[in-house]
């Protein structure tokens, strides 16, 4: 099969530890990889493996563990009625456990001994026993599971690791942004990604290696998009598609100060100088080509997840969008988007601005014990969506009959004859 | 899929945006007219203008916006044959099932084709969708629609009850989606349709908790792992009133002025010692029945 | 039993119609009561009845209907596979139904006939059949259920009827406010209720006829609290407890312009004039007594649900609170409370300001068909809670060691040495 | 219940507010001292001061607030013997069960007494609570606590497994609350405890969906009507950053200035045509590795 994803040398692999924590490990050929405090193993053991297996580390080698399904826990008559609070304590001393560990006893054996020594164990309900066993396993097992770097999993990993760096974009929020922007293979997209490359990575994956993604960043150099590294994209899937400008070079009146310097041939003193001049020329041409690509316009969508004031971004980039293109702006806070929505409502050329907040709830699914997980991770941020249209001022004056209708929510209609800030006027066809 | 050209051409499917709550698909057939309470439009007049144009009515009483179809617009505008999935669910399922360029996807049932369109957008020309619908009329309508939207090469639509008869593919699907009243009856069949050489994913969508629990149980019995359940919503964010609130100082002043006015009247009454005709319905004791009520209060 | 609530003449009774709508009806002795479009009945039929029965109206008389439990619906193999969309239509014409109705045929009979005539009925799943039957019953049944006027039910009724008039206070929000304010029988409370008397009603119910509730309103006359009428409180339960001032008469420097007028006895010309003077004196004394009660202070809590700017209300009323009293402020919008919280954080005398939003979800519970109801009614508003304390400025200067600790959230500590607006300084003991 | 006096007296239970996350109950016993990392305090020094006072440490290194107990403060400060109910649930259950002045209430189990305290507050002296706890140690501790809080006349606490042995009252309760692992086993008993001459209400609290479904089924089998299920939460409202955002104009200017500086350097290098020592690690091609990054960006 073509798209069978296997772990390749140099990949960043997400692994889930028995306690549920997810880490990113680098699998370089012939290296030794350490997984937190759990242990370490030879990287080559993992290379060529498909994702999703569970491994135990034994002498730096990996032993595949059998897959586990959920076990039905029998509900017996036992209750915790006779167990005194606070008495359900560690039945082996720390020293005893340490000695067992050092003697190379297997985790499951330590757990078994603890249970045997636990005076009250048989008094507990089956649910309590199950919980106890699981807790102990998480503590002593030297195992991990490899997680396929799907966009969903990578976003989830970053959200849990450091949600500020991805501007609070949760997997559900990201998926909504992609849907609203109608990202498809081979399309042409504009993006502003101050979210560590999460948005760029998601667009790149959807594009599948064809089309154009032009990002505008706030750095001199091409932007660092660390999230993209977790996706382990083949190089060509990124290089042929991704181009970047910054907020200076994307200005129409920008004049590069490092245009090629014409130095008389006799003044070129060294090969080194020659190389520099050539590189400079290449860089300049690349920049000019990218600028031309931007200015050619007709992009199919604009996605924004930026630390900068959004309406300025819209002003700058909307002229390069095709008619009917979607504009999708994310923010961790509602206020900037409330302000933006108010502006767009009164500007021609923008159809149906909507502001939404995603809501997500995960449930623990265990037989007989299904319940929502309570780590409700707060907000995944807010999304403003609006469609770029070509205004026709002559069509807007005769609509009084419509705008009087209750509940007909066409803001464009109501205000299109009013004066609007020219800064929000998109380019006309 | 739908036209990617800048301008609208004859035969294109477009989405007419009449109002936020009134969207409508239309196939451009020059010679025809589109009439609604938002005005009258000749199809021919739409040919050659760019997608995304605002168009004034021929008769001068209204306008519409003519948009390029997307699966999201289609979902809002489509003729609903069944309860459909909306953006939040579609987006989340697509993400969780890792449906992307080149994916091999199976779905049952087709329903109104809302999820189908979104999947075919995401998988591109190199992916494929096998879609199953047990209701014959719905299956035929969806087939026509897919054809009209230029999607026939991306989708294989089969009229079939997958709970009874299973799927037509084996060891093929990267992702499988069940939107059925009794998904548990299709789980064993689904297992056969999913590919075995890598992680493959299944999602079962159910409105009721009992259905979910029964499905979880069936998935577990069939050897699926990492079973989780999610709920997701897209909530419109209500903009909050930001106008400044009146202060108690303001209302206090109003109350005092009103009291002075009433007092003047009252003293006049006491002094005169007789009851004026016009005062008969105006209460004269300390507690007037006439409320000074501030804006927005409005007790009845 | 003492508190056995029965329907009394003059009560406002909430009734639920078969379609789920709740109405308030007035049950006056010897009157005829109309229930929406369903029909009417003799009020005396309902007087003396306990709450919670289901009645059918037959010739203006009430017939008690048997109580219904949830019916387990058998899940058969039938599916809707063979039913064509749009074909599941009314099998009887409107005229036919009208004729049946006029001939006095019972609702259940109409439904039965419809089902018999329905070609596809037997093809439907049992769930669909059940849904169909329920829908038809709701349409033709002339029955209603009386709802006990608990605070919860009354709040729910108003929330569904007109949530603006109760400032978006949902039953869960109201219950949280009461808990935060620690309202108990016999207590002394301050309240500002621009929520149609919802908050006052809830406090009155909790007080059970003893204690003092002093409300400050924005009207000349005692405030109209329409929600209180729905509670059907005995008169003495309200009169002995509830007192009111307004924003003018509650000012300390307020001087009544209608102080008793001393008119020489020989100038009093009529009995009418005498009565007026006496009434005036009574009103004045009542007002002065209520003012003295306010200024005596030591109230146990302050609850605010007001259209006015909240920090002014706090400034005015907090001096009359006892130490350790709770201040609970509700608002349909977050911004006024965010502003208030910021103010209180920097003011001495306020401990632990917290701002919360309630979240409530109701589930449809039917065997095999349990699911959340999707009419998520938006927000029930926001609640700010803070405790009034007596500041001790000498104690605040040595605390630098504590405020450096991460995550120790004692705003008081950090700012109590700073200058604070005197308007927010509560009276000291 | 707890002291209603203005000032603290010996023997009172008070709540010490150390920080928002550190609350602690204390019984005032002059002669004793309260010591913590927030300072040292003589109980005797607290006698006579009003509830709600801020008190500086005797040793001058800290302060505490001394509060009057409420069921809500008690719930935060109490010694947890079990998983407890918190404000949102307690408040909603109290409201839904119509627990008010004079109510006759039954609860099982007592647990840490969080709900019990709230109920006894609401029912006043004329109401009564029958509380059942199957765990003997917990029952004894709760009994002591109720006594210390002056609540013995409002509550009858029984050590008993109600699922097996039922309740000690019949035809009595206006409201009944079950917080048990298997509430369905107690439903028939509960029915007997509830009064029959008017509407009486039952609430069963369970964390897991399966428990809820089984309870609904048991309630329905026992003839209860109007069964509903609610979930409620109290979410802290996070204040949103309102500081104004930087604009792309600002960053554009920064980028241009930085480019000019680098260009000057670069032209010098080109002109000189040789590599200066200090430049060895400073890249000289068009794309500098040194980022000009705006506040908050911080790529690594």
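Letters are used for the chains, namely A, B, C and D, taken in the order the chains are written, and counting of residues starts over at 1 for each.
Convention: a residue touches a chain if its C-beta (ideal position, glycine included) is under 8 Å from a C-beta of that chain, and two chains touch if they have at least 3 such contacts.
A quick note: this is a predicted structure, and the numbers were derived from the prediction, not measured.
Undergrad: How short can a path of touching chains from chain A to chain C be, counted in steps?
TA: Each step joins two touching chains, and the minimum needed here is 2.
Undergrad: Name the chain whose C-alpha centroid is most distant from the C-alpha centroid of chain C.
TA: A
Undergrad: For the chain pairs A-B and A-D, which is connected through the larger number of C-beta pairs in contact?
TA: A-B
Undergrad: Between chain A and chain D, tell me the centre distance in angstrom, where each centre is the average of that chain's C-alpha atoms.
TA: 33
Undergrad: What whole-number Å value describes the gap between the mean CA coordinates of chain C and chain D?
TA: Computed value for the inter-centroid distance: 25 Å.
Undergrad: How many angstrom lie between the CA centroids of chain B and chain D, rounded to a whole number?
TA: Spacing between the chain centres: roughly 37 Å.
Undergrad: Residues touching two or more other chains, restricted to chain B: which are they?
TA: In chain B, the residues touching two or more other chains are 209-210, 213, 231, 233, 235.
Undergrad: Taking each residue of chain C in turn, which ones touch at least two of the other chains?
TA: 334, 370
Undergrad: Should the pattern of chain-chain touching be classed as line, ring, star, complete or other?
TA: Its topology fits none of the listed shapes; call it other.
Undergrad: Chain pairs in touch?
TA: Here the touching pairs of chains are A-B, A-D, B-C, B-D, C-D.
Undergrad: Can you tell me which positions in chain A touch chain B when the two form their complex?
TA: Those residues of chain A that touch chain B are 1-5, 50-52, 67-70, 148, 150-152, 171-172, 174-176, 178-180, 182, 184-186, 205-209, 298, 322-326, 334, 337-338, 341-342, 351-352, 354-363, 365, 367, 370, 382, 387-392, 394-396, 398-399, 401-402, 407-410, 412-413, 429.
Undergrad: Which residues, counting only chain C, touch chain B once they are in their complex?
TA: 79-81, 84-85, 125, 165, 194, 196, 218-224, 226, 246-249, 251, 257-258, 261, 263, 268-270, 272-273, 276-277, 279-280, 282-284, 286-287, 307-310, 312-313, 316, 333-336, 368-372, 376, 378-379
Undergrad: For chain D, which residues are in contact with chain A within the complex?
TA: So the residues of chain D in touch with chain A come to 81-82, 134-135, 137-138, 161, 181, 207-210, 231, 233, 235, 238, 240-242, 244-249, 251-252, 255-256, 258-260, 262-263, 266-267, 269-270, 273-275, 284-300.
Undergrad: Name, in rising order, each residue of chain D that touches chain B in their complex.
TA: 209-210, 213
Undergrad: If we count contacts the way the header does, which residues on chain D are in touch with chain C in the complex?
TA: 1, 6, 17, 19-21, 38, 50-57, 60-63, 65, 67-68, 70-72, 87-88, 90-92, 94-96, 98, 100-102, 118, 121-122, 124-126, 174, 195, 197-199, 212-213, 216-217, 220, 223-225, 227-237, 239
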